[in-house]
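Heads up, the next two complexes both have subunit A, just with different partners, subunit B and then subunit C.
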Partner chain A sequence: MKKEDTVKLISAEGFEFVISKEAAMVSQTIRNMLTSPGGFAETEHGEVTFPEISTTILEKICQYFYWSLQYSRGKETDFHIEPELTLELMMAANYLHT
Partner chain B sequence: MPVLRSRVIPPTKPEIEPLKHPANKIEPATPARTWDTTRPASSGDDDGGDAGRKRKLDVSENLLGLEGGDREGFLNLRSGKKVIKRIGETDGGNSVDGKEKEKGKEKMDFEEVRMLREVSKDGVDVDKLDIKQNADGSCNEKRRRRFGREEKGKAKLIDEHSTVNGSEFINLDLELGTKHSEENVGSVSEPRKEQRVDKKSSVRLSESRMEQFRDIARQNASKFAYFNVEENHLSDDNERLVVADGEVEREIEDWPGPFSTAMKIVRDREKKLNGGQRIGSLDPKKKSNSSILWIPRKGQRQGPKLIIPSLKELSMKILVQNADAITSLEHVPDALRHKLSFMLCDSRQMNSHFLNLLFSGSPTEIRLRDCSWLTEQEFTKAFVSCDTKNLTVLQLDRCGRCMPDYILLSTLASSLNSLPSLTTLSICGACRISDVGFKALVTSAPALRSINLSQCSLLSSTSVDILADKLGSFIQELYINDCQSLNAMLILPALRKLKHLEVLSVAGIETVTDEFVRGFVYACGHNMKELILTDCVKLTDFSLKVIAETCPRLCTLDLSNLYKLTDFGIGYLANGCQAIQTLKLCRNAFSDEAIAAFLETAGEPLKELSLNNVRKVADNTALSLAKRSNKLVNLDLSWCRNLSDEALGLIVDSCLSLRMLKLFGCSQITNAFLDGHSNPDVQIIGLKMSPVLEHIKRNPCFRWVPAAENYERAADCTKLTQNLMDFTILETPTT
Partner chain C sequence: MSAPKKRTFQIEAFKHRVVVDPKYAEKTWKILEHAIHEIYNHNASGLSFEELYRNAYNMVLHKFGEKLYSGLVTTMTFHLTEICKSIEAAQGGLFLEELNRKWADHNKALQMIRDILMYMDRTFIPSTHKTPVHELGLNLWRDVVIHSSKIQTRLQDTLLELVQRERSGEVINRGLMRNITKMLMDLGSFVYQDDFEKHFLEVSADFYRLESQEFIESCDCGDYLKKAERRLNEEMERVSHYLDARSEAKITNVVEKEMIESHMNRLVHMENSGLVNMLVDDKYEDLGRMYCLFRRVPSGLILIRDVMTSYIRDTGKQLVSDPERLKDPVDFVQRLLDLKDKYDKVINSAFNNDKTFQNALNSSFEYFINLNSRSPEFISLFVDDKLRKGLRGVSEEDVENVLDKVMMLFRFLQEKDVFEKYYKQHLAKRLLSGKTVSDDAERSLIVKLKTECGYQFTSKLEGMFTDMKTSQDTMQGFYASLGAESGDSPTLTVQVLTTGSWPTQPSATCNLPAEIMGICEKFRSYYLGTHTGRRLTWQTNMGTADLKGTFGKGQKHELNVSTYQMCVLMLFNSIDRLSYKEIEQATEIPAPELKRCLQSLACVKGKHVLRKEPMSKDIAEDDAFFFNDKFTSKFVKVKIGTVVAQRESEPENQETRQRVEEDRKPQIEAAIVRIMKARRVLDHNNIVTEVTKQLQSRFLPNPVVIKKRIESLIEREFLERDKVDRKLYRYLA
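Let's turn to the complex of A and B:
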């Protein structure tokens, strides 16, 4: 993937997840961050940090992004979530508006 | 609830069968026969009334059978012999006959002649004339005595009807002998009645006393009279509404103001359109009634927008299924807690485990939509572990089972200031709380701004007085839906003290009258933002007039089921309340032109409009909606059968903010509209089989925003409701 098409999401522990821009745009919050006019650091560097979201949760979120793209293209499968993650996942999803 | 008392007139539900109503003045087939208006529809006893009505129904069938010309039956009425017998048999049973005779005796000659004729025809005893005389005498007394009973208000509905000829009933006019200002009187009938009375007055005996009795009965009868809601509804075009204190607005064109201008515009537009060619017909074979030009989009329509389940929804679903495994709700924001709680309540999976989670720690907001599963012990135990010092919002709906006075006193109201930060409280359905408990509650929550007391049936006007005394200057929202023990006029003085009140809901309280509305809005109208008057059926256009004059900031108005309102009312509203964002009309009698004119005048700020069952809505309204309603988000046009495909197509394509359109009962809509409209965002509900429950709006205690000062946010809250509703589509509880 070209550099321009990707964004980097950084978790609380510092892990960096590099995903395509299209996938990241599934989240309304990230979309606003990346496209807002205002010269934000996120827009320029294409990097967003999430100090409250842990690595496991962020990983699951990225998986959801890709699943969502797949779903909209017609391939409708189930998205499995481990029950232990759901509470935090819900809160993170609420924050990310996704 | 009506109580059997003599002389005191109970509040009666307007229902009815004027045709079968004995208190109505009958236009007799034979001029001699007139009904006595002293017959009230029912005594104070509702059962009697009901039974009476039932009997009337049966009777009418008999009568219809008789009507065919059962001379035998007719004759029996006339024959004095039979009359006497009946006098002997039942007390009041033949008093009707007696009365008939009484009235008839004015036309004595005519009647006698007729009777003689009949007698001779059928070969009955010719002596009946003499007997009749006697009968008259005795009947007279009977009648007097009967009046006495009636005056005492104990008169019961009796089977006299069975003795009456069917034709009389057929000829019954809708004359409610009434001086009651609110009732509709066939004004033509009055002079007729008078004439009849005049004719009778020429006769002797106890004529003056009869008059007296009749007048008394006439005055009382109106209060007993029932009238058919539907009859009223259908014949409203010819009715003149007489307002409570005598003011009557006659001519809509006499007003100055934007509404009448708008009406003229609407009418002109209609004339122009109808005068021109009929265009816009989709099916050349089908004759189109609509003169609206709307061309549906041709070509392949993009399929319905795919709804991708969001991560939040997915995870919530799993959480709800595994609610018992949740160990803590710490750090979970309130909005999510509420959502979880509502979903659990809806699927009946709410239990004390989750309740404890909600109560644990120092929560700021607790919302439970349904506490009917909760027992007293569970509630007490959960509450004891709760630190209430930060609690700002508490919603315990349907808590009747777990919230009698003693529990209230031991938990919520355990001490003065036990709920120091509470601004919003909802205890809908707390049917076991009395004035004592309420007083304790109010003293322990001094910061209350919004209180929902719907369905708290034991609370009396004392409670409202207490509320006004302790919290009168702070209260901003008050919901007292369906509080059956509250009498509107008794609580009016207390309500007038609530100077900062912005939201008032008196839905379902039958004692709400124009007087109440006037008294209230004159005191508090300048701040009012929301008025919910659903089911307050006594209200007339006068109420709308005063509301329009005194409530300039009104944003939400609910007038569902107020069938007495007419176009004049809408006119007042259009001229006075130009900021209305949510308007709920349901089963009102407004005409198409009036609604269209309202939209032209005051329709710009509308975000939510319901015209459910406002049957006359048609092309004019559609055109005005398309022109004016740019901000409209929710539109309910259920049961508006006069709207064609074209009209709806125009509306949907022009109202670009429209997201939800309800079309229940609109069977005239075809796929021409459904497939032909070009608004991709709108959701159309009610035509095909679709899950219905999600779109039922919850009662306001959920929808409203606690911080009433952020009124703009309330509109967003509607969206929140919608999102939640969307969510439950996926959930669709299988229980």
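Let's turn to the complex of A and C:
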């Protein structure tokens, strides 16, 4: 995949997740970050740092992005969420507008 | 089983960690405020979207939404005021460009601000019913920039001036115009309307009022219409290039009102170039333009239609009442047809085939054709002419074409029964003299009449054709039965005509020469032998004969003459001189007919088979006639026509009229009886209306005649007057 088509998401602990832009844009917030005119730092460098999202959650989020893409394309599977992650995941979802 | 006990659950809001730092809000807002400044200063590339978004997010989450929002309003207003100043400072032509550039900047900034404040837009604003960020940005732009005292009128004037310059032929920056009007539309349709459109329409109205005044003084109608059309197209083009599509109807309305509606009457009646002149000169293009333009204004088409109608009526009236035209019926009808063709073409090519125009045309024709009581006769004469010779060598299609046109005129006639009367006469003459060019054409016309007026109308005409056919068979049968017996006696061709089917002729018999009498008698006995219970009367006034004559130097001529002429000529076989009285006695031809036939035998140059003493144009009772020995002619066959008036003379016309009136009486009576039988009781006026309705496909009955018929029916005890109300009639079964 070309570099322009990917985006790097960085967690609070500094872990980097490189995922396709298409998947990342499942989040309305990330979509805005990448498309807003005027050239914010995120658009320029193609990476977003989330100082308030832990690695575990960010990983789960990335998984969700890809699942969501597939789901919208008609592949109806279940998305498993561990109960202990639920709360933080929901807060992140609110933040990311997913 | 009892209902399960209700339990109320309470869901408590998730408690966020309480922010300890009291200056937290202030600090966060400072970061955001700084970012907004940077955005307006085109310096955003160093900013982290995530950080700003997170800050705004946290502010809203920590109940500082209000602070964030009001801060945004203040900061934005500050920047817009700055922008406003720089726009105001722009000189002359740069004004619009500066405005346009700043507007683009503001839009971009607004988009970025909205993006980073999206969380507020999503949660805080709907719950507090505040204006969303984007709309807020537009509203502030409108209030701070566009409605600033120094910009508002300047903007208006600049826009209007540009439009004005374009109207006078200059090229302007349409893209810029488009952007600015688009901005006004983006700010809300009322901004566009109040700040631009309203004034635009007013100024345009003034402009076109003046311009149209100027044009109408200096141009003729055609040029004026061209100019108006061009202006109209220009305005539509302008709208499509840089105005709101909804303005089109409004601005075209202004042009229509000022350039067309206010000058409509003057244009149509313009001397030397108005509607009537266009019609006369066949200016289809101008007419089409007038139609298209006038169609846009209320009652525009009505005006054109009325003027056209009254002009057609005038021309038509002139045509039908011109005594010159009445001399040649064929030409008369041809002119009517030409007139109709002309206007059909006008309506077809210039007036969009408008149904209402067609109707107006038809009613005009109906109006003036019926002004002349001889129209039915003339139309029939026209058909007669066409079917006698006019259609020779013409393709079948063209024949149909001509007949269709004639039918169209026929449709306009009110007195269809008069037409029928004449048509019958003319058809009889054609059939008996064998002059019809095409049997197909004859039948085709009858079919058309039948579809138009029904079986009743044509049954007698069809009867005439049947008679012709039967007579042919009869003659064959007759000669077959005669066999060798016929010898060298003259050949006889008899057409047996059913009484009633043919126009009644005054049965003016004459004494046939003995040579003919013989074979006539043979035929009579043959015919009565095959058909019992019939009576034969000779209609000598309708026949023709071919004679062979030998003249002075032995030259032989074949003379084609009428039966009467034949009778006269046969007398000269035995004697050279006969006085008028002697001829009259010998033949017993009625005096007027005899005079006519002698005139044609003795007075027509080149065809005078007889010599008259004294030589004069007219036949007197004491004239004497001689066999003209010296008769010569270039042709072997000489056709001696009777001097017949093609067109009916006045007394004949009167007579036909009278016959028509007589024929109408039973029809009117039948109609009255039909109506009364159904209604039993009806008052006078209603009877008249009903009768008129029933009969109008054939003729327009005269109310006076209807009244007379009612009286006659009362006398004959079909009806009676009501004893109380004298206006009521009752039907007596």
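In this section, the second predicted complex is superposed on the first by the 98 of 98 C-alpha atoms of A that agree within 3 Å, B and C clash if a C-alpha of one lies under 4 Å from a C-alpha of the other, contacts with A are read in each partner's own complex, and residues count from 1 in each chain.
Operating definition for what follows: a residue touches a chain if its C-beta (ideal position, glycine included) is under 8 Å from a C-beta of that chain, and two chains touch if they have at least 3 such contacts.
If you're wondering where the values come from, they're calculated on a predicted model, not measured in any experiment.
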Partner chain(s) touched by A:T49 [first = subunit B, second = subunit C, both, neither]: second
Touched partner set for A:T86, first subunit B, second subunit C, both or neither: first
Which superposed partner A:S36 touches (first subunit B, second subunit C, both, neither): second
First (subunit B), second (subunit C), both or neither touched by A:A23: neither
Contacts of A:T98 with subunit B and subunit C, given as first, second, both or neither: first
First (subunit B), second (subunit C), both or neither touched by A:Y71: first
Subunit B and subunit C footprints on subunit A, overlapping residues: 87
Residues on subunit A engaged by subunit C in the complex (per definition of touch): 28-29, 32-33, 36-44, 48-52, 87, 95, 97
Residue ranges of subunit B touching subunit A (in the complex, touch as defined): 306, 308-312, 314-316, 318-319, 322, 325-326, 331-333, 335-336
Of subunit C, residues touching subunit A in the complex: 14, 39, 42, 44-50, 53-54, 57, 108-109, 111-112, 115-116, 118-119, 122
Touching residues on subunit A, where the partner in the complex is subunit B: 61, 64, 68, 71-72, 79, 81, 83, 85-87, 89-91, 93-94, 96, 98
